[in-house]
């Protein structure tokens, strides 16, 4: 996974006798991940992706979660655990008293030093009050990654003047995340108003022919407004992460 | 299918000897429909529903279409044939030279006397130019049923000022039909702006995850704006018919 | 969101010096909604749509629900909260002792003065006893909006004489709401019998290949009877609201 | 709902003065169902369909179930309540001590006199042990309707000799009900072996791409063996009822 | 595939020396089917199922169809070829001049002697004119299998008096096949009126949210009327075959 | 649709008598779109979104396409027509001899002056050769919008070394578009390798359980690699447009 | 179900008078399965398939499970019970103190003698830590069937170097099982790296547009890498069983 | 993509001065694939997977197909082109007169020397005659890869004796491929009879609720017979390839 310049340098070192062939092989082989039996922590990711591995909690035992968390933190990285529960928080808090839990977003984060905040504004817009938890997951993610974030909740299109009235704010944003359930039409409307890139997050809020968020997902994928992309249903984390990438 | 008052009268007539029991039975049995082998033309519908049977062309042979048309017209009714083709039109035109064909709407109508036009305005709004054929089917249907109809095409939400600028017209309408493909979000936006009832028609315009109109259909069923109802994908006729019912 | 006549008047006032340009700008900006952090209450909706914002409870915390309710009520509006629970009712009852809860319909309503009842009859027909809760949501909604409502439950088509026997009542109605689960065929049958507009509500009653109401939904969308429109699965509120719009 | 012979007779009676016109109208109107507010018990069904109304329990309150049961029984009919619970049974048992509950089938039946058992054999075959509850619902239904029923459980096609070995029994049956979950292939195999009609019941037993019985349902609908028809997923009652119809 | 009595007899013959062990093995092995490379004609089916193999044409080359037809006919059986084309008919007609083609039903049948017609009446009811081809496939199949068949087309529920008026005929039938597209509700309505078994055939007639017949299929599977079973979409043959089985 | 600063200025002008109130109203009303009957060309979009309206050809008549094209071009804008055909190209070429047609991408573009090319590199990666047309639509779009674009086709994961070998190029890109059909896994793999934002485009290339691109779409939405967003199936234009937004 | 050589021998014995015809019939009939009312234990399977019947627990009562287990074990066979619970384990442990329960895999196995371990290595690779339970079901199954098994968990493609680094191990395996949820792309990537057959197991790990494992299932079915086959979602047992078949 | 032993050797050569560092870097980079603009031919695949790249024709232009074919052949490899047309064959035949085209299978293969045929028998079983083209694709693939292949067509379960009669042949096979459309139940039945691994191929043969092969696919994924795995709908190539892998 090393860039070719690094390989080149290593080979030069070998040819000049500075590094033995056995050591060089070790180096090439010893890629920075750590095997703890049930997981392989990808320390390399920080370098490769600019952000350490993120812990998705569902389907993992408490023991596994603590094990993975320990290694990520011991490598000096920020821990971001999504879809977390109070129980996981209590367990981690005992080890890392500075752990924080955003209950609405269901996100735990453990972070020693503050990250300097960037310049561009990420604006997170929600269609309704019920969409706030997913929006909050996006907000926490983007903030931890060092972005300025502002929330604009409950501006759904059934009362479109609530949105139109905030056009000034909408135009100030460098990136907009639109979080919407039900029919998910807000993303298209925002997409028609602004120049900046929009990340649409369908939520599973709704009932009947909503099919757990599929209605909003299809709406967003079929948007007639250019400049709109989509992430998975309820994937606030993914939207916050992507927004951070393009905000830099 | 007769109302009980009619049955009461008939029974009274029988008891008073004015009508024989055999004749009364014939009357009760002889409901006004006509059996022509492959079809039973429902003449009764004009009385019961206020509009004669409508001829949906697909899946019928040319011979069957002409046979059904002849009987509907001979009963003095208006003929409305939907999803019609040029070939059907040519065949009917030979028999009924006053037949008319709206190519865009794929509707043939044969109608002798003009129907007096009602007062309320039915406004038909489309998201894009490609949605016009379905809108036109709704318009032709509503006009034949005696309504004032106005079209407002191509006001999709990717340029929402085109719609907002027509708010005056939107508010003047007594009923609005919103015809939209792609993500179908226009119905929700219009639903947020006006007081009058809205009939949403999803169209099959779109591609990929549109799934032949399902995306727009789900959007409209899950609308967060109250006052919006939905008909089948591409069902311009159904929307025009329903609009006519509530416009009266 | 103001009509152009209002803007014209405002501009005239400015040009005549009656209103300062700064104030005029404030007026144009200060659209009537209220921002309470997690929600933007759309006071304007009463004017625009003829009925205030309705509170859909799922996905909102108790605190948020109370917050939103307070503002809607303080603006002098009727509160209608759908999909409500006993817990929400108890909390609201403490603040507004005149709050009422229809358990079957899962609707809370808080309303000071009685609304004058209109003339047309809205008839709500159900296929089975299990469909009553959704029908009741429609009934409560339509009654609060000032309509005369009558229920005709359990007239499903497996014993069609129960329905046919009520033809007189069916014909008296100005609007009919048909609430049906299982195969949802009742809407088509009623659609064949009456002249008035019909709003079909599929319910999630059923099992197996019913797919949580999808079978009834598809049946109703594909109806061969003209004059039938559809709302989302279990959306009694939407049907009652729309019926009220066209009953006036 | 009366046959025309009955109407003819009634009219003759009216014309001969034996029956007054008012009484005749009452008779025509007074169709045999009973309105108890939340339900309309279809007493007529016994005559029309040969079996009284059956009580499907889910979605009904205990009070409604008891109310409906009382009326069906007081009309002298057999009560068959499907998808019933222990709680319903206890409540009905108090009123009708001779009530019986088949826990596996989740069926309550209340029946005074024994029905004479017919001649043809209905054979109910299951693919696995887990399919027995649905099969039992079919068996109880068919037995109450007066049929000889035999169960042949767990002869799924993963060990086809278990089935082939029972060919003699299979050929003795006048009607076969095949109950199968997972891939539901048993119906096709049985369909290839016997001459008699086969009713296939898909069950929701399975996981993953079974999609709650849809896999078995599609298998059975697409069977390459002629002589196989299908009922809804888990609909043991429907299969037992239909088998009884064709066994007579 | 022999019944155990036949095996018993064969074994007795072997033990008594009447049949050699080699011959007995041949007999057990030599099951009556014929291998012609691309197909194995199941002559045994006539005995086992009471009707010979039926030729489903799609996906087979003309050569394969002729090859299979030759063998079925040479075995003295009736040939029934479904979903056939004019081209296939012309080719078969050359070899078997008495071949017949029902164009509407898309069925070819080649049959020397007339089959004696049974007593019970199979009634085939269609919702619309467009459903006739599928109904005709059922009719041809049932007639070839020796049944009395009557068609009652175009009695869909949008004008239910057309159906109710034929109640006498409906009650005379021993078995009813209901063929319906669009929302397919006719099967439930007929199911509520008659005592006899009903076979429901969904057709692919419709558009939009009909999804090629899925709407009608789901309607029929979820019917609230007992005594209704379902076959695959457009499977007129399967319905006619099953009706014949239960009519005997 | 004007920003509030503009409204402020206008109001100031009115109050100072520089602009009459009637003229001001005209200005507010006269939003820059042009109504040509079947379409409303959104000239405002250039200002609002930074790029003029794009012409999606399917569902429009040739006459409509030419009409819309004329107005967009006469407003001095670039014309970009997607999903175009040879026939449309020939018609437009007659009027605008400098029109260009990229057959592979099915894109027509009419553009007078060259746009200065930006700095960041947009890399478009395809899984297979068959995905090139969609990739090309993205490339043409991004190039017209003034971006440096490079194609890297046929680096699908069945031979992952083809991709790994280009890591240097992958890391040089500022934005990557991944175009993939079949199982669409390439987006996740690229997502694991690079830091920059990735736009995933599922294509409809594949067969069977691919369901016209749905398999690839679901794969991309469920990606385990952070930093990946998705557009509609085959939506090369949308990906190119979004890439251009974030490349600036 | 006996091979023809066995039938030949039996017939020879009958013809030579060594076996009476009645006894021979018994033998042919008495196929090795055991009928215990609710189940037919297929003892024959050990011979036919090389492994005894496996007990799938869901949908069976505790009593039925114990009944089936007793008979399988008393026939000298290994018992493998999948999707088992702690409660079932406790009940079986009382009877068979040597019963073992793998909680992660939810598998109970009861086995007296150790099976000799074969030579080829089955490697089980998982995309994430959450996929381990399904992988473990595969591992337990393959080990009980006498295979050498190695687990390689958490090598998902978001950090592909974790996988590439194990290429040596991947190439040593004779068969690889890939267990992956989310987008399930790992199977394709492994499929591009190795020569040996790969069995892909989609898991239901994921959320939103994952649709309970359908996303991963479709990915795996549409893989562009040859040499990959698929089993049902979460079917670790099926993969372990199949791997064992081809490892021998 | 080189194994670590090769890297070790290379590094040793560099350290000993036998290879310059620049050359070594070239070697590591110069992986064996060939970039021809629109495709990257993966010559390495022969070594890695044991079989060269296979050409899937749909979606590629004739020029692209010829370009790719030339390079695969010039590298000394076998060319296998699937889903090919007569037109492609004619074009390739001109360049490679020894090219062969299996029309039924739609496969072109160009191969100079004969491959030695292995020992194990791959048996390909089809449910019907219409499934032969997919079976043939599997057969051609497996034969080109050096396997002994036998076809057993038209042994579907509607006449199961055709299959049972071939048990001897079924047991002789080392691997069985089951190709079936309609309900696809054949795979489960074969799975219950034999010990060897079974690869199930659903085909798109069928109509109505078959949904283009989805019914058969779900049947096969949910099989109750262990030892059965599945490939994509109509993927004869994939089945033949996998069978070849496990036959060696």
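Which chain is which? They are A, B, C, D, E, F, G and H, in the order written, and residues in each are numbered from 1.
Everything below uses one rule, namely that contacts are C-beta pairs under 8 Å (C-beta built on N, C-alpha and C of every residue); 3 or more make two chains touch, one makes a residue touch a chain.
Computed from a predicted model, the values in this text were never measured in an experiment.
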Each chain counted as touching subunit B and subunit E at once: C, D
Chain separated most widely from subunit B, comparing mean CA positions: G
Computed distance of Cα centres, subunit H from subunit E, in Å: 38
Gap in Å, rounded to a whole number, between the CA centres of subunit F and subunit C: 40
For subunit C paired with subunit E, centre-to-centre distance based on mean C-alpha positions, whole Å: 49
Distance from the mean Cα position of subunit H to that of subunit G, given in whole angstrom: 25
Shared-contact residues (touching 2 or more other chains) in subunit H: 4, 29, 48, 128, 158-160, 164, 192-193, 208-210, 214, 217, 221-222, 226, 232-233
Chains touching one another, given as label pairs in label order: A-B, A-C, A-F, A-G, A-H, B-C, B-D, B-E, B-F, C-D, C-E, C-F, D-E, D-G, D-H, E-G, E-H, F-G, F-H, G-H
Subunit D to subunit B touching residues, read off their complex: 4, 7-8, 11-12, 14-15, 17, 20-21, 24-25, 28-29
Touching residues on subunit A, where the partner in the complex is subunit B: 127-128, 156-160, 164, 182-185, 188-189, 191-193, 206, 208-211, 214-216, 218-226
Subunit D - residues contacting subunit G, complex: 128-132, 153-155, 158-162, 164-165, 181, 205, 207-210
In the complex with subunit B, residue positions of subunit F that touch it: 1, 29, 31, 33, 37-40, 42, 44-45, 48, 53, 56, 58-60, 64, 68, 83, 202, 204, 212-214, 217, 232-235
Interface residues, subunit E side, partner subunit D - complex: 1, 3-4, 48-51, 54, 167-168, 171, 192-197, 199, 217, 221-222, 226-233, 237-238, 241-242, 245-246
